[in-house]
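Common to both upcoming complexes is chain A, partnered first by chain B, then by chain C.
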Partner chain A sequence: MVVNSLSFLWFFLAVMVVYYLCQNRKELQNIVLLIASYWFYSQVDIRMAILLLVLTLVFWLLGKGIGVAFDKDDNRRASILVNIGVAIGIGALFYFKYLNFFMDSIIAFAGLFDLHLSWTAMKLIVPVGLSFFTFKLMSYVLDIYHGKIAPEKDIVSFTNYIAFFPTILSGPIDRPKPFLKQLTVARIFNPDNLMNGFRRILWGMFLKMCIADRLDIYVSAIWNNYEHHSSISIIFASLLYPLQMYADFCGYSEMAIGVALILGFKVAENFKRPFFTINIANYWSRWHMSLTSWLTDYVFMPLNIKLRDWGTNGTIAAIMLNMAFIGMWHGAEWTFFLFGIYHGLWYIPLMISGQFFKKTKIKVNSHGWPTAPFVAKMAGNYLVVTFGLMLFHSKNISEFWAILCRIPEAWNGSLFFDMPTLVNGAICSIALIYVDIQEEWFPNKKIYLPSFAERWRWELTIALEIVAILLFGIFDSNQFIYFQF
Partner chain B sequence: MKKLLIHITIVTGLFFVFDRLLGCGLGLLYSQSNATDEYKISYSNESTCDSLLFFGSSRCLHHYVPAIFEEELGVSCYNTADWGIKNIYYHYGLLGNILTRYIPKTIIFEIHPCDWLQTPYSGAERANSLAPYCGMSNQCDEMLQISGNYWKYQLSMVYRYTGSLPNLLAGKYGTMDRSLKGWKPMDGVMDTTNVKAEEYPFAEDTVKIALLERFIKECQQYHIRLIMVESPMYICSKQDVFRFPRILAQKHGIPFLDHYRDSDFMGHRDLFFDFGHLNRKGAELYSKKLSKELRNTLPAI
Partner chain C sequence: MERNEILSRVEEIFREELELDELTLTDETTADDVEEWDSLSHIQLVVALEKAFGIKFTSREILSWENIGDLISCIQSKI
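Let's turn to the complex of A and B:
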């Protein structure tokens, strides 16, 4: 069930009605939410829902065990239990997502030394959202171990935290403390939440249906047949891909945040205009923020502390490992690993120049616009990101290499121009860029409306957004790109 | 709560105002289209007045040269076919819309397996091209209902034109050679590398078959002479692909002119643009051949 589908709308409306009918009893509300979440997730595959439930119960028991161990001052036992938790989390990820890849890689590597090993690839269905919920599970036991939270007594609340249906498929990856806290109080129907949530859902739909799905037609047409396209078309499609990715994933996040808000939950933000950044460190602090902050807290910081004796080299090593994790988190393919390493390499000059630790502020002119050198740096950073996403988009390294080789070979061809796709996409992309510029540099400046219309600003915006989606949207679209992770 | 209801009411009201205003504007642009597919569809639905009409999908669009038929048969012709694997859902809706304006004397229907088989790439959604004509005829509305979008087109006028704004603007300011009368010639010669016959391993579709029967019966009811035709292919399936339309034509007493394996065309690379579509030269030759055949065998046209 896709979030921007009619079936989801009916499902959500039904859940919302029942959920707020029992708004005075938080326990009942939590049970409604739990049933809804599991029903939603089981629509993908009932076996996945069972796996999710089993893992949830195991981690809940582990959390309890760590709490008991701390009560008895048995730190060793707590340490063993948290390590078991992390091992189960990583083990589940490894088994479902990376086992075949790992074995294939070993066999290929052994082949280099004339060692002939054999392995029959296992036919495994990767549970949807696995990378998201395993991270939530691990952060729960780690946070208990580090004393940030107490073990959750209520199994329903904990299960809700893991399976919360707006975020189970593609995040944002919420931390246990702020989320579980919200489950301890009854969520009373709030018209402001409904209005703001609805607006974010619509904005997410606009990003997904009018920009991401539109650009996908062009980008896929070129990338899936790159051997027949000119250099200029391949470069143009590659330059559009970061925008498509942003609209796709940010669109999903906006919808998830909006749905959660209507249900009375504030979940983590995931994007903060990532292309208005001048270096890769800035970019990652604004792109898929819930993942990067998770990895910063649970991977980079501990690594950095462990490697602190190596000085700058230790930090660089921690960054490279962290970025390799980010890359591999996206999938079992060497392209993802290289994607992470490629980004990691861009951190090295920042580390050496000391910019990594500085908070960069973009200079603006008297009108509030960023100055030309900063615009040039932003454009440069966009190119850096584009090259990385070419790796990300390629099915494997051979394809990536073939595309790179195609670029210098096919300069004599013309630009493939799919007029309806590009014009529709351009109109909507300009709207997105306008909104992002407005929020980034002119957050207090609103479009002027005559006073009689000013009081209906929200209504006007919503009505126009719906009409825009109907006019420019694609209604028979693909899944979200991030569902595969 | 009261405040929220007011907000919702205002949003709904504003939406309908914006949607109707913009929808009317888009509808105007659509019917004023001078080029692009929108012109073709709007002309076929709103403006045709010719005695002989060609119905079908891309093979019909590229294969039937109205000027040649006009010269041979002495009647005005128009090729209403549209590309994009259009099937009986679209043809039946189009027929309904045309019948609200006038009754053509003859329809030449280039039938394709997607008109009676459960082809996964061509289902009821093909009728959505008729969305701007929602409400024009019962047949059209019924097809849009089967496609599952009728209520959406009723609810939103803008949705009828979703994604088509650039085409509408290009159509408004572009031009098209109207003397071709709906025919779209293809220039070039096919590349025969790896060419294989198209197979249709699909079950019969009872809904499509019922619609085909209704199409035939409605033509008979309005005394329209219906001729089913199959034009040549570069390479043909070994199966008897057109057994079904042959039986159907026999059942209803209508002619079925089968040129699928016509040796004047089959295997002649220079007459094809690709394995299923004749190029300009091939289409002109085929139109001459078919128009003569019609003149000799069906003199009443």
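Let's turn to the complex of A and C:
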């Protein structure tokens, strides 16, 4: 069930009515939410829902066990239990996502030494959202172990945290403490939440249907047939891909955040205008924020602490491992691994020059716009991101290499011009860029808006978004790119 | 060493490492209150504190501090 589909709308309306009918009894409200979440998730595959439930129960018990161990001052037992939790989480990810890849890689490596091993690839269905909910499960036991939270007593609340339907498929990845706290109070119907949630859903639909799916027509046409396209078309499609990815995943996140808000939940944010950044470290602090902050807290920080006596070299090692982890999190392909390493390498000059440890603010001129050198740096950073996403976009290393080789070979051809797609995509992308500029540099002053538009700003925005979706939206939509992870 | 004494030494180290001459710390100060105190500068601070007090923190201790008060208590338990 896709979030921007009619079937989801009916499901959500039904849940909302029942959910707010029990708004005076938070226990009942939590049960309604739990049934809704499991019904939603079982629509994908009932076996996956069972796996989710089993994993949830195991981690709930582990959390309890760690709490009991600390009560008895048995730190060793707590440490064993938290390690079991991490091993189960990573083990589940490894089994479903990486086992075939790992075995194929070993066989290929052994082949280099004339060792002929064999392995029949297992046909595994990867549970949807696995990479997202295993991270939530692991952060729960790790937070208990680090004394940040107490084990959750209420199993319904804990199960709700893991299976919360607006975010189960692709995040944002919420942390246990802020989410569980919201389940302890009744969520009373609030018209402001309804309005703000609706606005975010609409904005997400606009990003997904008018920009991401529109640009996808052009980008895929070139990417899937690169051998017939000119260098200039391949470069242009590659430059559009970061924008497509942003609109796709930010669009999804906006919808998930909006749906959660209507149900009275504030969930983690995922994007903060990531292209208005001047280096790769800034970029990752604003792109898929709930994942990067998770990895910062549970991978980078512990590694950096362990390696702290190595100084900058320790931080470089921690970053490289962290970025390799980010890459592989996306899937079992060498392209993803290289995608992570590529980004890691861009951190090294920042660390050596000391820029990594200092916050650089983008300078603005007297009118509030960023100055030319900073605009140039942002453009440069966009190119760095684009090259990384070319790796990300390629099915495998050979395809990536073939596309790269095609670029210097086909300068004679002209730009592939798909007029309706590019014009529609351009109109909507300009609207996105306008909104992002507004929020980044003029949050308190509305730029270039006549006074009547200022007064009716939200009403006009909603009307424009609906018109844009009807006029430019793609309705036989693709899945969201991040559903595969 | 008295708690107040530790606090003033910690404050001195924070001012030096974060280059914030005016910084004032209390038991309740958290990383959210000081913009420059992020996951990276945190490690630099840890290294500087270990050196200054001649102690070594465990990973679990470093990851469990919620505010300056927790940090001071941890230092106090080690000296």
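Simple rule for what comes next: the second predicted complex is superposed on the first by the 474 of 485 C-alpha atoms of A that agree within 3 Å, B and C clash if a C-alpha of one lies under 4 Å from a C-alpha of the other, contacts with A are read in each partner's own complex, and residues count from 1 in each chain.
Note that a residue touches a chain if its C-beta (ideal position, glycine included) is under 8 Å from a C-beta of that chain, and two chains touch if they have at least 3 such contacts.
Predicted, not measured: the structure shown is a model, and the values here were computed from it.
Trainee: Based on the superposition on chain A, does the combination of chain B and chain C result in a clash or a fit?
Mentor: On the superposed model, which is not a single observed complex, chain B and chain C fit side by side.
Trainee: Of chain B and chain C, which one touches more of chain A's residues?
Mentor: It is B that touches the greater number of chain A residues.
Trainee: If you stack the two complexes on chain A, which partner ends up touching A:17: first (chain B), second (chain C), both, or neither?
Mentor: Neither chain B nor chain C is touched by A:17.
Trainee: Scan A:297 for contacts with chain B and chain C and give back first, second, both or neither.
Mentor: A:297 sits against chain C, while chain B stays out of touch.
Trainee: Would you sort A:308 into first (chain B), second (chain C), both or neither based on which partner it touches?
Mentor: Second partner only, chain C.
Trainee: Who does A:112 touch here: chain B (first), chain C (second), both, or neither?
Mentor: After superposing on A, A:112 lies clear of both chain B and chain C.
Trainee: With both complexes overlaid on chain A, does A:459 touch chain B (first), chain C (second), both or neither?
Mentor: In the superposed model, A:459 contacts chain B only, not chain C.
Trainee: Which partner does A:359 reach: the first (chain B), the second (chain C), both, or neither?
Mentor: After superposition on chain A, A:359 lies in contact with chain C alone.
Trainee: Of all C-alpha distances between chain B and chain C after superposition, which is the least, in Å?
Mentor: 36
Trainee: Overlap the chain B and chain C contact sets on chain A and report the shared residues.
Mentor: Touching chain B and chain C on chain A: no residues.
Trainee: Across the complex, what residues on chain B touch chain A?
Mentor: The touching residues are 1, 3-4, 7, 10-11, 14-15, 17-19, 22, 26, 125, 156, 158-159, 161-167, 170.
Trainee: Residues of chain A touching chain C in their complex?
Mentor: My answer: residues 145-148, 296-297, 300-302, 304-306, 308-309, 315, 356-357, 359.
Trainee: Hey, which residues of chain C end up touching chain A in the complex?
Mentor: The contact residues of chain C facing chain A are 35-36, 39-44, 46-47, 59-60, 62-64, 66.
Trainee: Please name which positions on chain A make contact with chain B in the complex.
Mentor: Going by the criterion above, the answer is residues 191, 194-195, 419-420, 423-424, 427, 456, 458-460, 462-464, 466-467, 470-476.
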